[in-house]
Structure formats: C-alpha cells, structure tokens
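Next up: some structures, all given as structure tokens.
In what comes next, subunit A is part of two complexes: it sits with subunit B in the first one and with subunit C in the second one.
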Partner chain A sequence: MKIKPKFTISTKKINGWITFIILLIAAVISVFPFFWMVVGSTNTSADVTMGTMSFGSALKVNWNNLVEKASLLRIFWNTAKTTLIYTFLSVLICSMAGYGFEKYRSKSRNLLYNVFLISMMIPFASQMIPLFKMMNKLKLMDTHTAIILPTLAMPFLIFFFRQSFISFPTEIIEASRIDGANELRIFFSLVLPPMRATFAAGFIYSFMKQWNNYLWPLIVLQSNEQKTFTLLLSSLSSAYFVDYGQLMLAIVLATLPILIVFLTMQKHFVTGIVGSSK
Partner chain B sequence: MKKRFIALTLVVALLITALTGCKAEKPAPDSSGNAKNENNESNNDSTDTSEPTTLTVWAWDDNYNIPIMQLAGEYYAKENPNVSVEVISLAKEDVYTKMQTGLSAGGTGLPDIVLLEDYVSAKYLQTFKGSFADLTDKVDYSNFLPFKIDAVSNSGRAYGVPLDTGASILFYRTDLIQEAGYTDADMQDMTWEQFIEIGKAVKDKTGSYMIVEMAANKTTLLRSMMQSVGKWYFDSNGEISIVDNVALEKGFALIKDMKDAGILYEAEGTGDRAGVLNNGTVASIVNGPWMASTIKAATDQSGLWRIASTPRFSDVEGAVNASNLGGSSWYVFESSKNKDIAADLLNKVYANSTEYYEDIMLAHACVSGYIPALSGPAFETEDEYFGGQKIYQIFADTLAKVPGVNYGGYVAEANDAITAAFAGVLSGDTEIKAALEAADAQLKNQLGR
Partner chain C sequence: MKKRTKKLINYNAYGWFFVSFALILFCVFTIYPAFESIWLSFQTFDEGAFRFSGLDNFKRMLGDKLFFKSMANTFLFLIIQVPIMKVLALSFATMLNKPKLKARGILRTAIFLPCVTSLVAYSVLFKMMFSMNGIVNNVLMSLDVLSESFQWLQNPIWAKIIIIIALTWRWTGYDVIFFLAAMQNIPAETYEAAQIDGSNSWNTFWKITLPQLKPIILLTMIMSTNGTLQLFDEPMNITMGGPANSTLTMSQYIYNQSFVYSPNLGYSATLSYVIVFIMIILAIIQFRITGDDAK
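So, the complex of A and B:
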C-alpha cells in the first residue's frame, strides 16, 4: 500500500513533463514564424532566401526601399481607419442584433435567425459581382465606405453574441424595465458592463477580420491613395525579382497592430470565447 | 483598467468616425481623384488631348512594369502635356481578379489600359469578346517580332501592344563548369544530351546540382523546350495538342534523365530557387532575362556567372538554341472613355520610339519585341557581373530565332495538368505516353472541350 501513492505522484510528474514538452514544441512552432519574420526584416533578400537565422544589418536599406515604394503612412492610416470604424460599428450592430434575437420574444424570431445562419454558407466569392455592381450604382467605388458597409452585419458575430447573451439573466432586464429604464439604457448600462469579455472577443474577431480583409478591398478600391496594407503586401510579393527583406519588413509593420490588440485583449478573448459556450 | 481600455478604444473609434467618416465617401482629394471625375463627365471619344486627361493603368511589379509605364507616360506628355498616366500597382493575380470582376459586371470599374501576360491574354480576349479595343488599325505593327504579334492577336485582329519578351537563356556558374573540366565554349549552342553530360561532371567534381526547376510547377523547362521547336500545349487553331506533342514527350524524358542522374534540384518556391542560385547549390538555370536580377542579388559572385543560349533537342526537326518564356503586352478596354488617347500613347511610345526602349532596357533590363530597338549602342553594354558579356546582344540574338506559337490563353491550366501528370513520370510510376494522355484528359475536362 505504500508504493501506490508514490506511483501516482510519479505518473503525475511524468504527465506534467509530457504536457510541458508538447506545449513547448507547440509554442516553438507558433513563435518561429514571428521570429523568422523579424529576423528577415533585418536581412537582405539574398540572405532571407538562403535561410539566414541571425539578425542582419539591412533593416535601414529595407526601410528606405519600402518607404520609396509606398506611402506607408497613408496606407497605415487607410487600414487603421477602415478597421476601427468597421470594428466599432459591426460590434455595435451585431451585439444588439444578438441581444434582440435572444431576449425579445417573437414568433418569427427563429425563422429570421435561421435565415441569418444559412447566409453564413454563401461564399463571398459568389456575392462579389452583384456587390460590385451595387457599389458601382451607389457611386461608392474606390471609397472606404464600400469596404465597411457590405459586411457590417456578420452572421457569425450575431451568432456569437446571441450564444453569450443566453447566460445573461432575463430577470434583471425585466426588473429594470419595471424600474422604468428604456431599452437602450438597459443594453448599454446593464447588459454591456458585465459582458465586457464577450465584447472584447467580438472586438478582436472583427478587428482581425477587417485588418486582414483582402479580396473585397482589392476588388472595390481603385486608386493608390485608398490602398490598404493587405493590397500593399500582395503587390510587393508579385514581382520578377521579389525583395524578401523589404517584404518581411512590410509584414512586420502590418502584423504589429494585430499583435498589440491581441496581446492586450487576449485574456478577455479567451474568457469571452469560453463564456459563450456555457 | 480593462474597462478603461475598452472605453478608450470605443471613444477613439467614435472620434475617427466623426472626423473622417464623411471624408471616405468622396474620392481622394488629389489630382488623380479630380482627374478621374473629369474623365467620367467628359464623354470625348477622340484623341483630342486639349482637356486634362489621366490614363489609369493596372500593372504589377514596382521595380519593372510600374516605372516602365510611368516613363511611357512621361514620354507621351512631352507632346501631349495635358495627358498624365497613373499606374496602379497590383499583384499579377490581383490584376486578373479585378479585371474579371469588372468585365463580369459589364465593363465597370476598369482602368484605361491593363497589362496582361501573353500566356493568359487569349483566355480573356475569347471570354469577353468586344471588351478589348481593336488596335489593328490604330497601332503600327510593322516593326514588332512576328511571334509577339501572334501573341497579341485573336482571330486575325491585334488587341495588344507588346511590352517585353522572355528570351530563354541559360545562366551558369563558369567557375563550377571549369572545375568540372569544361570551358565556356562547351556551353554554347549545345544539345540537352551534352548539357546532361556536363551536369554529371559538375555533380561529381563540385557536388553542386546542374539545374534548378520548381518542384510544384515543373514547366519552365518544358515550355522553353516546346517553343524552341514551334510546339505548344495548343496548336495554331487553339486546340489542345498534348498527346501527340513530340516536344513534351522528349522533354519529359530529358527531365527524367536529369532527375535520375541526380543533377536536378527541385526548388520549393521562388524563394528557395533564389537561395540555391545565390549560395552555389545549383550551377545553372534556364529562365528569362529577368532572372539576372535574382542572380545579381548575390553581390559576392560577381564575375562568376555567364549566360549562353538554351540547349536544344538533338533529334527533333527544326530545333533551335532559342526559345521564349512569357512576356506581357498592354491592352486597352473598349469601355474606356479615353481609349483613343490610350491607343495613341501605345502607338506613339511603344510602336515608334527606339529611344524609349533603350531607356527601359538599360534601366530595367526590359528586352522588348520591337525590332528597331533590338540593336544599337545600348546592346554594346558589357555586364561586369557576367564577366563583361554583352548580355543584351545575346538576348536579342536569341529573340530573332524564336519560333512563333499560339499560346492559347489557358497556359496556367495546361501547366497544372502537365505538372500533375509529370509527377508520376519522375517517380517512375507512369509511362510518358500514359502521362500525356492523363494530362490531355484533365485539361479537356477542365476546359470543357
């Protein structure tokens, strides 16, 4: 009987080590591309293609080449502007829609909700040409409004918010209605604060989606002045002679904002995602 | 803290919306935006250039096509100061995606001029008949290389103006060849069999692979081989010609020989290909003139590289030591409000200015298909990196010998079919005849023929 507890302790220890090693490998695999990206941005193109893994001295050259080719500030501003406006509006619209679907009772509610979910199955490529025609008729071609408007109501985000609102007690809402609060006030002052983790998760999701948005801006933007980061990266990588050092630097710059947003809000993101599945 | 962060972000977002939300709806407040509006309003369909006009162009590559077209705009503006050219830099695939969307939507949101590869242009010319301006009578075609005119024509009418050519060239490391016991003279005008012999010696003596080809799309060599005997995936009528294609059959066998002899390096992507050329893993490559920039990225190898004509088939009739790999041409959209001005620019600059071609050749190594510009003082330029060789002269000599073929527009699709079938041949699982039949079936299926 004395051996048994000893045995369990050692199994636990071994299990712990195995978990640790697996996690370590997973961490290295996930971090390596970032490491290589940063190292690559300091090397010349030839060094990048030859697989140099140490920091080089070409950062300044790469930077000068990049600045010469693209008006970085304008591109950064274009991307930040469209992304922030989009994120703010889409989180607002989708959270309210999710709230409505969950908390307001109506006969056609589920039918409408299902229609929404079904629309998730339509691939964007098939909506592209009609949308393009629409934007053209509305005279919105080559504007940032055209990037923001069409996908503001995201079925996935509505679904995500609705799932999260299930856990919010309806009794509180009813109680404040009796106390005389109007619906908007209930949503913003009562529902929003305790659900902030969910909102943060929605924020990150929406931010990443729009920051990385590629196909639609490509189609609808026409001039160099309106370009976003994804389009710059794409055009940099299409050349008879690709300057990989410069490309790596551009990727670092494009990744930084996402990294910052994700790292600062990561805790909320995880609790938000876990919370929605309760 | 968390609450404050979210609140702050939302406030910032709100502020930005308020400050700039309306701005986004107007066209960019600069000269190009204004000019664009004027273009839309003025419905002048003539070469009258007294009104300020901006021609919009879609192209790819910031180091090559973009400055080349910007320079064309400057040349044209000398005589037509009211016309300016705005070149939008996009990825090559993005140009096609955007163009396809615009054409599918009935010709909206398109620029005035677009750059298309000769390998794909026929696909769009056939699918969107009437969407491209017929330039046959607007551009002087008398001075272009015949194979380039073939490439921009459809049903006897010319729609494109040739920009560049892709003379197929053998780039090789002379030091590795010498170490293997051969000389530069041995590398001139040889056959593929001789090439493989030298390759084996190079592998034995130096350990370097002789030649590099992409692992995922092994068709650069095959395409070079095909056009060197006037063959292609498609015949002159645009019909698929794979099963009875002697060049493909011989090409498959030669590349399999190279692989079996261990002299073929299969590169995982263009980055890997550049790497093995720059670090001496591979001693040679067959590619277009643009490969010179990739090779020259390794500044420490200056003087070690040479160029020569592409090897030829020893046993196919009409085989020459010359071929072509790609190249692009400019096209004008029928929907363009300025299509006559655009055609006039292409005619004045690309079909009438030798000086322009000299400029873009010296600045960007762009070798054109314009015959008067394929000789002259610029071709005497010696390139130190290639041991003082007159590389442009070699490119031009090659071009003069290239047989014309009908590219047929579906080269990418044919490349995929061939690559899939070729994998089995290289591994030894499939006979060449069977592989060609499989590729033929796949392509027919995909193109619905």
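So, the complex of A and C:
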C-alpha cells in the first residue's frame, strides 16, 4: 500500500511527459507553415526555395512586386467588404431563424427545420449551375451581391444557433412578455447579450467561410476590379514563373486578418461551441 | 394544455417572422436551384438552347471513364484521409483535455491554428513546399536523402499522398475543436468515479469518453464526408487534378464540365446529382452505424 501510490505517480508523470511531447510535435507541425510564410515573405524567391529559415531583407522588394502585379488595396477592400457584409447578415438571419425554430415551436416549423438540416446534404456543385444561370439572368455576374446573397441562409449556422438557444431559459422570455416587452426587443436586448459567446462563434465561422470562399467567386467574379484574395493567390501560384517571395507575402496578407479575428475571439469560439453541443 | 396551445397561436406569426428571412433566401437560392438541377439533368444544351433529351445524360455518364476515375479518386481521399484525421483529432482532443497538461492553452491554440487558413492559401503553401525547386527537395538533397530533386506532384501516388497530408494538416484542428467542446460537457465526476473504480485511462476513453462523444463524432463524420465529396480547392490549387487526372475530384470534374471544357450544363447537373445520392446513402449508413442513441 505504501509503495503503490509512489509507483502510480511516477508512471503518471511519464505519461504526462509523453502526452506533452506528442502534442508539442503536433503543435510545431501546425505552426510551422505560418512561421515559414512570414519568414518567406521577407526573402527572395531563390532564398525561399533554398529553405532559408531566417528573416531576409527582401520584404520591400516583394511588396513592390506585389503592388505592381495587383491592386492590393482594391483586393483587400473587396474581400473585407464582402466578408463583413456577409458575416453580419448571415449571423443576423441565421440566429433569428434558429431562435424562431427553437423558441416558437410548431409542427410546420419543425418540419421546415428538418428540411433545412437535410439540405446540408445537397452539395454546392448541384446548385452552382442553376445559380450561375440565375445570376446571369439577374445581371448580377461580376458583382459582389452575387457572392454574398446565395449562401446567406446557412443550414449549419441555423442548426448551431438553434442548438445554443435551447440552453436559454424560456421562463425569462415569458416573464418579460408579461412585463409587456415586444418580441423583437426580447430577442435583441434580452436574449442576445448573454449569448455573446455563441454569436462570436457564429461570427468567426461565417467570417472564415466568406473570407476563404473560392469556388463561387471563381465562377462569378471575372474582372480584376472585383477580385478577392483567394482568386489573387490562386492566379499568382499558377503563373508560369512563380515569384515565391511575392506569393508568400500575398499569403501572409490574406491570412493575417483572419488570424487576428480568430486569436482575439478564440475563447468565445470554444465556449460558443461548448454551449451548442450540450 | 389548452392554454399553452393558445399562447403558441398568438406567437405563431412572430415565429414565422423570425424564420422568414432565412426561409425566403433558402427557397430562392437552395431549393429552387436544387430542383432546377434535376430538370437540367434531363436536358442537353446545343445550338444556344436547352432541349429535352431524356436519359441521354445518364447514359453518357455510365460510359464516362473520366467521371468514374474522379469518383474513385474522391473515394480514395474519403476512405484514407477521414479515418486518419478522426483518430488523430480524437487523440489530440483527449490529450488536450487533461487538466494537468503543461502549456495547455498554447498547445491548444497551436493545434487549432491551421483551420483559420484559407483553403487556397494553404494549398498554395503545400504546392510550394513540394514543387521541383521547393523546400522539401532542397532539404532532402542537402541531407543526402535524395540525389536529385524529385517531382512529387508529377507522381500519381505522391500527388495523392501530398493532398492527404495537406488535408490532414488543415482539418484535424477543426475536428479537435468540436471534440474538445463535447468533452468539456462530460461531467468531471464521471471521470473521478471511474478513477475510484480503478479504471485506467485507456478503459476510461473507450467506456466513458467515446460513448459520450458519439453524437459529435457523427456530426463531424457527416461534415467531413460532405467536405471530401465536394473536394475542390485543394486539388485545384495543389495539382490542378494532375498528373494525368490522378487527383481529379468529382467537384473538379463537374466544374470542368461546366466552365472549362465546352460548357455542358445539363450533363454537369446529372453528375452533381450523383454526389447528392452518394451523400444521402453515406449519411444513412453513418446514422445506422452510430445507432439510435446518437440522436
């Protein structure tokens, strides 16, 4: 009895170290490409391919090359504008729908909710051609409206919000109804504030989805004036002579905003998802 | 009971109001296209107009070797990559869930990080790493593992392996987020009780953690299956579907049929419905395997 606890503690310690080392390796592999792209953006194309792992002095040159090739400010603005409008609208629309499905239950709405869930199975490929025809007809080709509109009602986000609203006590809503509060006000000023984490998670999900959107913009956006970051990266990397330093800088610029959004809201993101999976 | 129904009727209009925006958008941009696609799949586009052609598209598909090749490629990615990723993600999540882990927060953030990168950005990074004059070749040559640079992306097998590595790098952290979230909902007392009963961590994982995670595993399985069957950004930007179509996926083939080769929208619609059917069948199988308690 006296020896046993000592023994368990030491195996525990060893296990702890093994776990730590495995996770450390995974973490290094996860972070390495980020490190590499930041270092790469300061090196010349030749140095990047040589595997240089230290900061170089070619950042200015890469920047100038990139600015010469693409109107960066324009592309940044296009991406930021479409992403922010999309994120705001989709979070609003999907959270309202999730709230409607959860707190105003009825047979017909339950059925409708199931249709939304099943529609998650429909691949984008089967919608893309009719959508393409539709955008042509509506004269929305090569506009940002065309990349914002079609996927605003995201079944996954509606599902996520509905799951999260389950944990919001219905008694509180009913109490404020008795106090005479209007339904919309209840949603926006009573339900929304304490569910910040959920909304933050929804925000990050939606933001990432649109910032990184590729296939649909590739189909819809044709002129250089309307292009977004993903299209720029894709065209830079498929050029005949790829300037690696310049490409690295473009990747850094495309990744930085989303990295900032994620790191600042990470805590909420995880708590938000915890809330929805209860 | 009666009172309650009455109340619901009063608020019914508000219920519809809250879901109305999503409902309208959903009907216009999801339901309508999905049905138009079915209609299109029975038509052929020639001489500037659509013409009803019955099952022609379907017959054409049965003889389309390239489509079946793209299907085989997609399934290969699904069968090999998804299980590897789930096992990795489950192990990482279990390890990260240990309260006494050193530097837990930093490790967790690092493992989440890949899932913020855009699919195009990381694909381009992986393409650079494995290109002819890329960092992998140069490092391997300087270590004398290779005597001359190897064309990773020109080799049908390696091209597939690299896409699998890339997918695993990008998506494992995403699954870890979901698994960790679900694990945090398992009460600590359950684990304490298991420990008192003398259960080791291996048994605890199989008897307690895994059964509790069933619903979230099912959810992420369905998400990964959907994602893999629609795989497009990665093969498009890493290999362009090459070499010799060895990494061509179904979505890419449909894209090519619609926008790269001479546009054949009716035929593409037929092909896209093949994906719909495969997805539905796989979802039913996954629900069956995870059993009834996964609801």
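To be clear about the criterion, the second predicted complex is superposed on the first by the 278 of 278 C-alpha atoms of A that agree within 3 Å, B and C clash if a C-alpha of one lies under 4 Å from a C-alpha of the other, contacts with A are read in each partner's own complex, and residues count from 1 in each chain.
Here is the rule we go by: a residue touches a chain if its C-beta (ideal position, glycine included) is under 8 Å from a C-beta of that chain, and two chains touch if they have at least 3 such contacts.
Since this is a predicted model, take the numbers as computed values, not measurements.
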| item | value |
| --- | --- |
| Clash or fit, subunit B versus subunit C on superposed subunit A | clash |
| Partner chain(s) touched by A:Ser234 [first = subunit B, second = subunit C, both, neither] | both |
| Touching partner for A:Met120 - first (subunit B), second (subunit C), both, neither | second |
| Contacts of A:Ile85 with subunit B and subunit C, given as first, second, both or neither | first |
| Subunit A residues touched - subunit C or subunit B, whichever exceeds | C |
| Partner chain in contact with A:Phe203 - subunit B first, subunit C second, else both or neither | first |
| First (subunit B), second (subunit C), both or neither touched by A:Leu140 | first |
| First, second, both or neither for A:Leu23, with subunit B first and subunit C second | second |
| Which superposed partner A:Ala175 touches (first subunit B, second subunit C, both, neither) | neither |
| Contacts of A:Met50 with subunit B and subunit C, given as first, second, both or neither | both |
| First, second, both or neither for A:Ile166, with subunit B first and subunit C second | neither |
| Superposition clash, subunit C versus subunit B, among 23-31, 59-67 or 113-121 | 59-67 |
| Shared subunit A surface residues [contacts with subunit B and with subunit C] | 48-51, 128-129, 132-133, 215, 219, 234, 236-238, 242, 244 |
| Residues of subunit A that touch subunit C when the two form their complex | 15-16, 19-20, 22-24, 26-31, 33-34, 36-37, 48-51, 92-94, 96-97, 99-101, 103-106, 109, 112, 116, 119-134, 149-153, 155-156, 158, 183, 187, 208, 211-212, 214-215, 219, 229-230, 233-234, 236-238, 242, 244, 247-248, 251, 254-255, 258-259, 262-263, 266, 269-270, 273-274, 276-278 |
| Subunit C to subunit A touching residues, read off their complex | 8, 11-12, 14-19, 21-23, 25-26, 29-34, 36-37, 40, 88, 91-92, 95-96, 98, 100-103, 106-107, 109-122, 124-125, 127-128, 131, 133-135, 138-139, 142, 169, 173, 177-178, 180-182, 184-185, 201, 215-216, 222-223, 226, 229-230, 232-233, 236-237, 240, 250-251, 254-255, 258-259, 265, 268-269, 271-273, 275-276, 279-280, 283 |
| List of subunit A residues in touch with subunit B within their complex | 44-46, 48-51, 69, 81-82, 84-85, 87-89, 128-129, 132-133, 136, 140-145, 148, 193, 196, 199-200, 203, 215, 218-220, 222-226, 231, 234-244, 264-265, 267-268 |
| Of all residues in subunit B, those that touch subunit A in their complex | 2-3, 5-6, 9-10, 12-14, 16-17, 20-21, 24-28, 30, 32-33, 36, 56, 60-64, 86, 88-94, 97-98, 101-102, 104-106, 108-109, 111, 270-272, 274-275, 278-279, 288, 290, 293-294, 297-298 |
